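As structure tokens, here come the structures.
Look at the two complexes coming up: subunit A is in both, with subunit B in one and subunit C in the other.
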Partner chain A sequence: MTKLIELLVNGVSLGMLYALISVGFVVVFRSTDVINFAQGSTLLGGGYVIARLSPHTGFWLAALAGVAATAAFAMLVDRLLIRPLRQRGARHDVAAIVTIGLDIVLLTDLTRRIGSDMLHLGDPWGNAVVNIGPVTVAQTRVAAMATALVLIGLFGLAFQRTGWGVAMRATAEDTEAAMLSGVRHNRVTLSAWAIAGALAAVASVFLTASPSPGMDAATGQTALKAFPAAVVGGLDSMTGALVGGVIMGLAESLASGYQGQLTFLGQGFGSVMPWVVMLLVLLVKPSGLFGTKAAARV
Partner chain B sequence: MTGGPALVVDDLHVEYGGAGRVLKGVSLRVPAGSVVALLGNNGAGKSTVLRAISSTLRLHRGAVRQGSISWDGKPVTGRDAADIVRRGIVQVPEGRHVFGRLTVEENLRVGGSALKNRGERARERERVLTLFPALTRKLGARAGMLSGGEQQMLAIGRALMARPRLLLLDEPSLGLAPKIIAGIADAVHEINRQGTAVLLVEQNSAMALSLAGTAYVLDVGRVSLSGRVGEEIDAARVRELYMGVKP
Partner chain C sequence: MSRRVLLAVAAVVLAVVPFYADTSLLQMGLFVCAATIGAIGLNLLSGVAGQLSLGHAFFLAVGAYGYVALAGTDDRIGLGLPTWLAAVLAPALAGLAGLAFSPISSRLRGLYLGVATLALVYIGQHVLYSATDLTGGYDGRPTPRLSLFGLKFGDDSGITVFNVPLGQYELLWYLGVVLAALAWWFARGVVAGRPGRGLQAVRDGEVPAAVMGVAVRRAKTSAFVLSSVYAGVAGVLYALIVGRVVPDSFGLTMSIDYLAMAVLGGMGVVGGSVVGAAIVTGLPLLLGRYVDALPLLAEPGSGGVDPSSFARYLYGALVIVLMIFEPDGLAAVARRVRALLPAPPAVRTHPSTTPHPRGGRP
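What follows is the complex of A and B.
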């Protein structure tokens, strides 16, 4: 029982991190119709900046700089790669493929820089744990949950209430009508990319903190597990990103935790689990749990 | 006449993705405070003229190949669409294109994107709701749930939120009952009376000619007839020549 509760808490915590990253997928997809496959390497880049800075500046300053740098980088991607394609009328899938290329270039460079090192971002939680009765949870997991909840909550509020959020939703629904209403499309997309970048950098801190051993070149692939989370949620729904993220976190955590009883699936099935769940959900609901694209076409 | 801004379209040529010219030298003029009708059959290029003016051709893989558009004496060809709105030219697209998942209130808010402050937005919102009182009761409803006539009111209201000096209306009567069309025509008349020029694109020539002082008839990418309504152009002549109906 204790084990189950621990696995559930860890799963939800991991899921909230996936949710953070998949909100980044969703916000970019909604405003530009582009799936940003460079999200994983962007996350790795954010983590790398934080890891390199934190021995000199301390963690908090490094984290702030890393988040800002990653947001700025994502805005550059939109400005220099995606916007020119858009303005020449390229198809959205062309832009998506460009992000795959970008991902490969970034990943190659970061792999070269990181080498076989295990980088530590210098977070203040270390390997401290929280004990609630017999249940033991790493402090970083609690911090991850709290941070993700606050960020997603703030983001959701801004999305519903502010002029920026209304412009973003209008753009997502009908880009041309939004432009004809005076919405500055280029600003909307820049803000979307900036948010996606910033959230990826935040996620990098928690994905690599204890009990994870640290950040290596494979961390970007961990981040890619947020992609099935976004797809399961429907790719264009914020609620979907959150729910999808938590489902993926739980699936992965439970499959890893009960691996002993699931030996017929082979070793390391936990990390495949999100993709299996994605396939199962898509077979039943092709537009994802909260997706609207398919519904809107009927 | 009045000394306000005028829209001048001069020898406009437009192409979509290299698939031949849709417009082959269209020239027209919308003086300040006037109502000008742009008539023609389906596929004549009417919406393309509006897209060129609003600078949204790019979204349809189209481009201006030749000619120019000027507003208030300044060239505006190919400027950012949001910039055109800020200069005072606002389009109500064909098929209304309200944001169906947003509430009526939010639709109006998006329409006010070009305005600088809350006070201005509140003033324009008041004006829109005075013009279309039917929207007042629906402010909290999702726009997708409105009737066709209400959606057309909302689409026009959303455009008015940007305080246009020239309103481009693309087929506002499309798919609406005659009684609703009459209501829309009254609203357009009132908008013009308050000082906004209107360029009205219509297949429904009767409605357009009842409002417009000047009309242009577009036929496969060229202006084939233009003049003052009631003099060079009247409903019978338009129908006979370009709508394929004998009087």
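What follows is the complex of A and C.
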């Protein structure tokens, strides 16, 4: 029982991280119809900046710099690579392929820099744990959950209550109509990309903190597990991103935790669990659990 | 006429290559051949039919491991079939895998499909690592040597032409070139014919395609199956070249590389995939071969920019630049360049023999 509770808590915490990253996918997808395949390497880049700076500046300053760096980078991507395509009216998968090209370059560079090292981002929680009754949870997991909740909550609030949120929602609803009503589309997309970049850097801190061993060149691939979260949620739904993230986190945590009983599925099955869940969901609901159904009758 | 002459010259050049090239060059050429076949397959799916797929590595793995398991005689699971039969059945197996995925692939569109196919790569790699009885796990399995009509594709083939012994790579070279040429020829037929028109209609809009009488889901399924078969052939050839298949090779990087090949050459342009394959697969190997002579590059592991990283920077950047300025890829760039050049004399004197009656897409 204790084990189950621990796994559930860890799963929810991991799921919130996936949710954080997939909110990044969703916010970019809703405002620009682009799926950003470079999100994983952006996350790796953010983590790399934090890991290199934190021995000199301390963790908090480094984290701030990392978040700023990925946000600025994502804004540059939108300004320099995505906006020209938008203005030309290119198909959406062309932009997706641009982000794949970007991913090739970025990942090659980071892999070369990181090599076979294991980087540590120097977070202040270390190996400390929290005991609630018989249940033991790593402090980083609690911090991850709290951070993700606060960020997603703030984000949701801004989305519903501020002028910026209205502009964002209007853009997602109908870009052209929003532009005609005075929404500055380029600013909306810039802010969307900045948020996605910043969230990636935040997620990098918690994805690589204890109990995971640290950050290596493959961490970007871990981050890609936010894709199933976003797709299961439906790509264009914020609630979906949150629910999808938690589903994926729970699935992964439970499958890893009960690996002993699931040996026939192979060592490390937990880490592919999100992909399996995604395929199962897509079999039943091709546009995800919360996604807008693309209705077409012929 | 001039086109036939060109083809004949190309065939002769390709036929004499093994008499002059050393093993590492031949190997490089073979990798490009295998990549060409795979890239043409992906191009049919993603370029012609507009279905973005990042799962190509999975189907290559099915082809490669399928061949190894069907022909395998070592202590792992293996049927011990004649190798030529295994080489034919393995791509069919890949096609079946593509068919099995069709309940998902035929219902999803564009970017959703791209993400869904990512799952194939991760789940596939997990299976390759875990099902050790079948795949050999982390260390992989050795590829059984191919033998075709009594001809052994090994250094003991016993064939000597003009005093040059034709060993494993020389013989594989001929096989690879023939397969790549067949793959090209067949794909051109598909694109130019009725199925290709149907797929292009699906790419340009599923609803209009359906209105025009294209069975959209069936078209998407068949594109997926066909591209998987191509990947399977590429996988078999790849397995024969490397001599031992390991799970590490069939990761996301391979899928992305194949997408880059299809994109660089030109989405929907079959011939472009050859160029794409040469750049993405051939360039790193070529740079690695001449690393000592190249000023900016360093040996792998020495901290500098190694050849394969350099090549990846280059084609990653090329993908970005092309997509922004010329989304139809290098094929379109070539077309532009050709339009700038004065027309070649053969065309000028016989305007009636212009080689492209179909118009566009050479």
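Definition applied: the second predicted complex is superposed on the first by the 293 of 298 C-alpha atoms of A that agree within 3 Å, B and C clash if a C-alpha of one lies under 4 Å from a C-alpha of the other, contacts with A are read in each partner's own complex, and residues count from 1 in each chain.
In this section, contacts are C-beta pairs under 8 Å (C-beta built on N, C-alpha and C of every residue); 3 or more make two chains touch, one makes a residue touch a chain.
Nothing here was measured: the structure is a model prediction, and the numbers come from that model.
With subunit A as the common reference, subunit B sits beside subunit C without any clash.
In the superposition on chain A, A:123 makes contact with neither subunit B nor subunit C. Looking at the shared chain after the overlay, A:173 reaches subunit B, while subunit C stays out of its contact range. Once the two complexes are laid over each other on the shared chain, residue contacts for A:163 go to subunit B alone; subunit C is not touched.
Annotation: apex subunit A, arms to subunit B and subunit C, angle 90° (C-alpha centres, rounded to a multiple of 10). Taking subunit A as the reference chain, the count of touched residues is higher for C when subunit B and subunit C are set side by side. In the superposed pair of complexes, A:216 makes contact with neither subunit B nor subunit C. In the superposed model, A:101 makes contact with subunit C only, not with subunit B. Of the two partner chains, neither subunit B nor subunit C is touched by A:236.
By the touch criterion defined above, A:78 reaches neither subunit B nor subunit C.
Minimum Cα separation between subunit B and subunit C in the superposed model: 14 Å.
No residue of subunit A is contacted both by subunit B in one complex and by subunit C in the other.
Every residue of subunit C that touches subunit A in the complex is listed here, in rising order: 50, 52, 103-104, 107-112, 114-116, 118-119, 122-123, 126-127, 129-131, 206-207, 210-211, 252, 256, 259-260, 263, 305-306, 309, 312-313, 315-320, 323-324, 327. On the subunit B side of its complex with subunit A, the touching residues are 17, 54, 56, 58-59, 61, 80-82, 85-86, 90-91, 93, 97-102, 106-107, 109-114, 158-159, 161-162. Looking at the complex, you find that subunit A touches subunit B at residues 87, 89, 163, 166-167, 169-170, 173-186, 292.
Within the complex, the subunit A residues that touch subunit C are 35, 37, 81, 84-85, 90, 92-98, 100-105, 108-109, 111-112, 221, 224, 227-228, 230-231, 235, 265-269, 271-272, 275-276, 278-279, 282-283, 286-287, 294, 296, 298.
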